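Heads up, the thing below is written out as structure tokens.
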Amino acid sequence: MLKKISYMTAGESHGKGLTGIIEGIPAGLELTEEYIAIDLLRRMQGHGRGKRMKIEKDFAEIFSGVRHQITLGSPIALIIKNLDWVNWEDRMAVGKPKKDHKKVTMPRPGHADLAGVMKYDFDDIRNVLERSSARETAMRVAIGAICRKLLEDVGIQIGSRVYQIHDIVDTKAIDKDLNMSKLNSLADKSSVRCLDKDAEKKMIDVIDQAKNNGDSVGGSFEVIATGMPYGLGSYINADGKLQARISQAMMSVNAFKGVEVGAGFASSAVFGSELHDEILYENNKITRSSNNAGGIEGGMSNAQPIHVKVSMKPISTLIKPLRSIDLTTMEPKLAHKERTDSCAVPAASIIGESMLAIVLADALLEKFGGDSMEQLRKHIESSGKY
Amino acid sequence: MLKKISYMTAGESHGKGLTGIIEGIPAGLELTEEYIAIDLLRRMQGHGRGKRMKIEKDFAEIFSGVRHQITLGSPIALIIKNLDWVNWEDRMAVGKPKKDHKKVTMPRPGHADLAGVMKYDFDDIRNVLERSSARETAMRVAIGAICRKLLEDVGIQIGSRVYQIHDIVDTKAIDKDLNMSKLNSLADKSSVRCLDKDAEKKMIDVIDQAKNNGDSVGGSFEVIATGMPYGLGSYINADGKLQARISQAMMSVNAFKGVEVGAGFASSAVFGSELHDEILYENNKITRSSNNAGGIEGGMSNAQPIHVKVSMKPISTLIKPLRSIDLTTMEPKLAHKERTDSCAVPAASIIGESMLAIVLADALLEKFGGDSMEQLRKHIESSGKY
Amino acid sequence: MLKKISYMTAGESHGKGLTGIIEGIPAGLELTEEYIAIDLLRRMQGHGRGKRMKIEKDFAEIFSGVRHQITLGSPIALIIKNLDWVNWEDRMAVGKPKKDHKKVTMPRPGHADLAGVMKYDFDDIRNVLERSSARETAMRVAIGAICRKLLEDVGIQIGSRVYQIHDIVDTKAIDKDLNMSKLNSLADKSSVRCLDKDAEKKMIDVIDQAKNNGDSVGGSFEVIATGMPYGLGSYINADGKLQARISQAMMSVNAFKGVEVGAGFASSAVFGSELHDEILYENNKITRSSNNAGGIEGGMSNAQPIHVKVSMKPISTLIKPLRSIDLTTMEPKLAHKERTDSCAVPAASIIGESMLAIVLADALLEKFGGDSMEQLRKHIESSGKY
Amino acid sequence: MLKKISYMTAGESHGKGLTGIIEGIPAGLELTEEYIAIDLLRRMQGHGRGKRMKIEKDFAEIFSGVRHQITLGSPIALIIKNLDWVNWEDRMAVGKPKKDHKKVTMPRPGHADLAGVMKYDFDDIRNVLERSSARETAMRVAIGAICRKLLEDVGIQIGSRVYQIHDIVDTKAIDKDLNMSKLNSLADKSSVRCLDKDAEKKMIDVIDQAKNNGDSVGGSFEVIATGMPYGLGSYINADGKLQARISQAMMSVNAFKGVEVGAGFASSAVFGSELHDEILYENNKITRSSNNAGGIEGGMSNAQPIHVKVSMKPISTLIKPLRSIDLTTMEPKLAHKERTDSCAVPAASIIGESMLAIVLADALLEKFGGDSMEQLRKHIESSGKY
């Protein structure tokens, strides 16, 4: 299987900053740091974020690959500096530190800590937690924003909303014909990114309750892409299937524990005759009676909106820490405390949008090729089908 | 990201047969066609299978890569012949057919048919359905069996069971200390691969009901791997995360619409303090109070059993077909009818085991290296941790 | 970096046969076994081949991926049966052998034997030599033929000729405007695939001399592709460079020890002002004063013919074997004898054509995309540049 | 095929700087910016470099992935700032430029210019030349230095020397038992990195001659790795062959036009009995009579030194430019002038070392696995063979 879009990220949570490189974006795409900043800002919002989100303001500097606001077809490098670096300069120094620093030795349940030190032979959990931190997703959002720009330019839009926090479910349906930028502007107005005002209030309450108890809550969100052509992804092999690629991307975020496409797990409980989306022909167009498939049949986009739901677990770092052990003595201890949001589900939904954007841009370029945006557009138009 | 284990499959449902090649299996692994046959047979079982499963008996011939029952380290080729080829020889001929064959022009909702013809410019849906068919999973099971053998030889075992068919849920818990081969022998005794006898009866009933109505049902299953070391997978990048690789593998099966690890979607609804698996030290061993993480923290195995749940939608081909259109005229028609199981969830759980086996063998070899089973074992032992 | 065309081969030299799977060929390409057979036959020719080439007649059966002489877009599986299998059935049995077989324990200098047993912990060199054999290149030629067909359909042609065997050099230049099918028909008429009749005679003589001495000779050949568009490959990263991909492909054949593009090593010895191909505009077309770059500048095709030269060492198995040791005793012994051509350079040039075809088809699809030949053609035409 | 070591680079020649990320380096490797600086400095040396090399002093800042001089197993990010950025700030601005800048419209023969604008639909060659510039190799050398450190820690050393500039050949043989750090210190003392003093003088003369004529010269160098174990690389597939991977890496540098392993092209002209390296047993050790194979048999390292030769063409940018055309008018013009070394072969040999280091580190980790240097060492020792 190929990747037309590939990317790497680097950087520790309290290091100098995050670095990212994305390869495969065609030449000729208009791109600015301001555009990327929008999604970075959206990721920092949400009721229940800790202190860090309040003091910081992530900004992704485009370091190369763009000239005079136009992509060059070259790899694009991004840097998000750690604005708090001055407080970590010695503890996280690349070179020799000036003084000794206390090691972290009590692994946090739910986090990479324990498995990480076992994997890498570390005696300091900080060497794990700095990279396994959710901080890295800031760079993914920046990279996702670039892919989103490419998709937008050919008519594909991505939106999301939170539909559950803890046991509070926002049952308000998304209007079938809602534009995704409209969905996002509705959801972005809510501090929990849900649509229903009653649900919003209850969600805020349960977050506050968790916060007051030194606890954390998770939730679920849905991501939708509209304007899809037929045939992104493939049925010919395991690697090509679009839902597999989307699932891989979503589940590559540590806190995400489940993913489903269309009706998902609910598909299990209905008869085939109730589930499958019938094929109709109306107004000179092929239409469907429903979208339980979530826009993917046989591993390919079917020109319906892509619809994905993702579950996020409660954050693993708790103010009132869980039982753990000290790895130097194996004595029972409370787990290490580090950065502390009580809820990050609204931010997670932005990350979900970003991951979907990366996958869809990759699949689009795989199908249509093209080294420049002009070529990509011509290739798409040449099919006469979209 | 690397793949130590890579594989390709080829073959259409009614063609000459399926071909598979797997690369990366170390030299020195004992392997026989009989061993592979066990999982192929398990995949063919289950209440609700159609006629084809009854007449066929899949057999994967090892065509190369194994000598005197020992793997050579070379690519292993497998061939599963289509025992019904004689009836399809002209319709599916590689060369010039002797006569014209009726084209399939009514796409089945839920299947690859419509998106497939759009993607590839076909005027005959058969060109799509032959490859997009679930038949291909027979080869994946054969390839998965080879990976399973490797895992077994280093103490990792994989088992599964069906816990839901349609709206019938088998709530019987799997005993925490149950051996996976024991789990499989229990589940294999049931024609729906569940554990509870009452649930089994109801599941059979709902399958029969679907069958009588020309309808189909889906369901859900769970797959478990025991004997896991610490540190398979990685937190350092998106591609390395173990849960992402497992999700990719599971969701690469067309009919699978959702996947979750550990508590999965249920994680959303509990507090962090209730969810995360506390770290204890008992009898000179690190233990955990629970396994809600499903054996994966921070994208790595944490030495707890891997626990994955997967949802399968009802089969898309219905005896009582859904509404569709004829693509040559755009007139309303009923969808094409092809092969017809009314339920394939028990088989799906075997496919799930196979996909997990492939991912875990890949991640194991990624961590430990080794060109022969002897080297692999020495590398594992040298760590002193497992 | 992506691969649009990927393939795997499997099979041991004296096993049941070779298997190959190629993924990424668009749907709608006309393809027959007869077409593939042409290149397989060309690979079997040449003065200096041993007995096996004379008794065998390789035939690649298309096992799947093609229907009614048209590719399906699905993976294409190929099988080349070992016509001599009956004589090896027990020695190379996949299952338990009926009797013991003598182990091969004297490694041949120049072959994979020694490093292979060290790598895989074998006590029988046969486990190495069966897969490391040049036999595998038969499947690469079959796969290359499929790629060649695709290229031909969009106007790219590949030809080759041998220009050196041992110290005999055919200095006859290839006519600048010679059509590649014409070049191949000229070269194919010679049993050493060279163009000059005097050189041919001397080459045959030196091969006979080697044969009479139980020795072997190598040589060099050149491969050319015409009809190239601008911009296959890329300068943006190391993996994308076209000359890197070609070199990788060529040097993946064991006996090939050197590769050069255009003027190659000779580039070292001239001034820049003498070497670089000046850019002219003649008859409303950009032309070049020469093609010392071999059709590649900055890692991209530059619309000039691709020109590659490759060196093949003498075959490592000698009738009059070299000094070696018995690995069971470390006593000095003569090396093992196995299959024995005295010269295989003409065959090597066909393999070179095949490897180039695979790389160019991959790079073409990478640039232009397209799931069907129709789409590929439309994408190419839409640029208006080719 | 897998990659254990993967990397990306980004950055334009006159942009803000180069960025690189390398993934796959185990945890626990000692690494400093000073160590990397050594090879960067070596790359900047050599008689015939232009002005830029004299004013600049490349320094690769480790931005992440290393803490307290020890690698974390996380991706390592590197940044090499452009010290001349102030002079290019507006011409190469990521954002909107303050004024118009003259477009480059006369493509340089031998460079990416013409094919690049055709590929990407550019009207300004600067958009091509900035990325296709050899400047990017500075980052590859930095990345190579990290791999070199890893190799050194397990006893593998890499050295090189220039043996030809223009038509001047340094025929002085490298002493068979010469330590590679000794070779490098000898070569580094020469401003053309050759060993023989007479050849050195003549090389300097021919470079000066080229310089005075506004011309350029190329040359050839050899790279050697000692301390190799058996079995890096593989014969089982095309992608695994070590010589293919080395050739790919070398030929991924734009100016490199030929590569050969061991006797290389000279292999063509000798009999098999003269070429192949006989296998002996002396002093309780397997030895070889020669190393014409260049340390690779059957696509694997054979415990002899790896020996690779590479040819570099003269630099394509000439002070006295070649004929070209103006792409806006198609009128004949002289080619664009840009940065101007008259010879860069000594620097090229350092790049060659770096590329070999990357390939060998990848192949080493592929065979032995290991997430930390401690594990890697244990895995290597466990074999008892090295």
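Letters A, B, C and D mark the chains as written, and numbering starts fresh at 1 in each.
In this section, a residue touches a chain if its C-beta (ideal position, glycine included) is under 8 Å from a C-beta of that chain, and two chains touch if they have at least 3 such contacts.
Not measured: the values here are computed from a predicted model.
Trainee: In terms of C-beta pairs in contact, which of A-B and B-D ranks higher?
Mentor: A-B
Trainee: What chain lies farthest away from chain D once each centre is taken as the mean of the Cα atoms?
Mentor: The chain lying farthest from chain D is B.
Trainee: Need the CA-centroid distance for the pair chain A / chain B, whole Å please.
Mentor: About 27 Å separates the centre of chain A from that of chain B.
Trainee: Using mean C-alpha positions as chain centres, tell me how far chain A is from chain D in Å, no decimals.
Mentor: Computed value for the inter-centroid distance: 37 Å.
Trainee: Whole-Å distance, chain B centre to chain D centre, using C-alpha means?
Mentor: 44
Trainee: Two or more other chains in contact with one residue: find those residues in chain D.
Mentor: Answer for chain D, listing residues that touch two or more other chains: 6, 8-9, 23, 73-75, 119-120, 131, 231, 236-237, 367, 371, 375.
Trainee: Per the contact definition, I'd like the list of chain B residues that touch chain A in the complex.
Mentor: 8-9, 107-116, 118-120, 128, 131-132, 140, 164-167, 210, 213, 215-220, 230-231, 234-239, 241, 243-252, 254, 257-265, 267-273, 275-281, 286, 288-289, 293-294, 297-303, 311-316, 318, 320, 322-325, 330-332, 335, 367, 385
Trainee: Touching chain C in the complex: which residues of chain A?
Mentor: 1-4, 6, 23-24, 73-75, 231, 236-237, 365-371, 375, 378-379, 381-383
Trainee: Report the residues of chain A in contact with chain D in the complex, numbered from low to high.
Mentor: 6, 8-12, 15-19, 21, 23, 26-28, 32-33, 62-69, 72-77, 79, 92-97, 119-122, 126-127, 130-131, 371-372, 374-375
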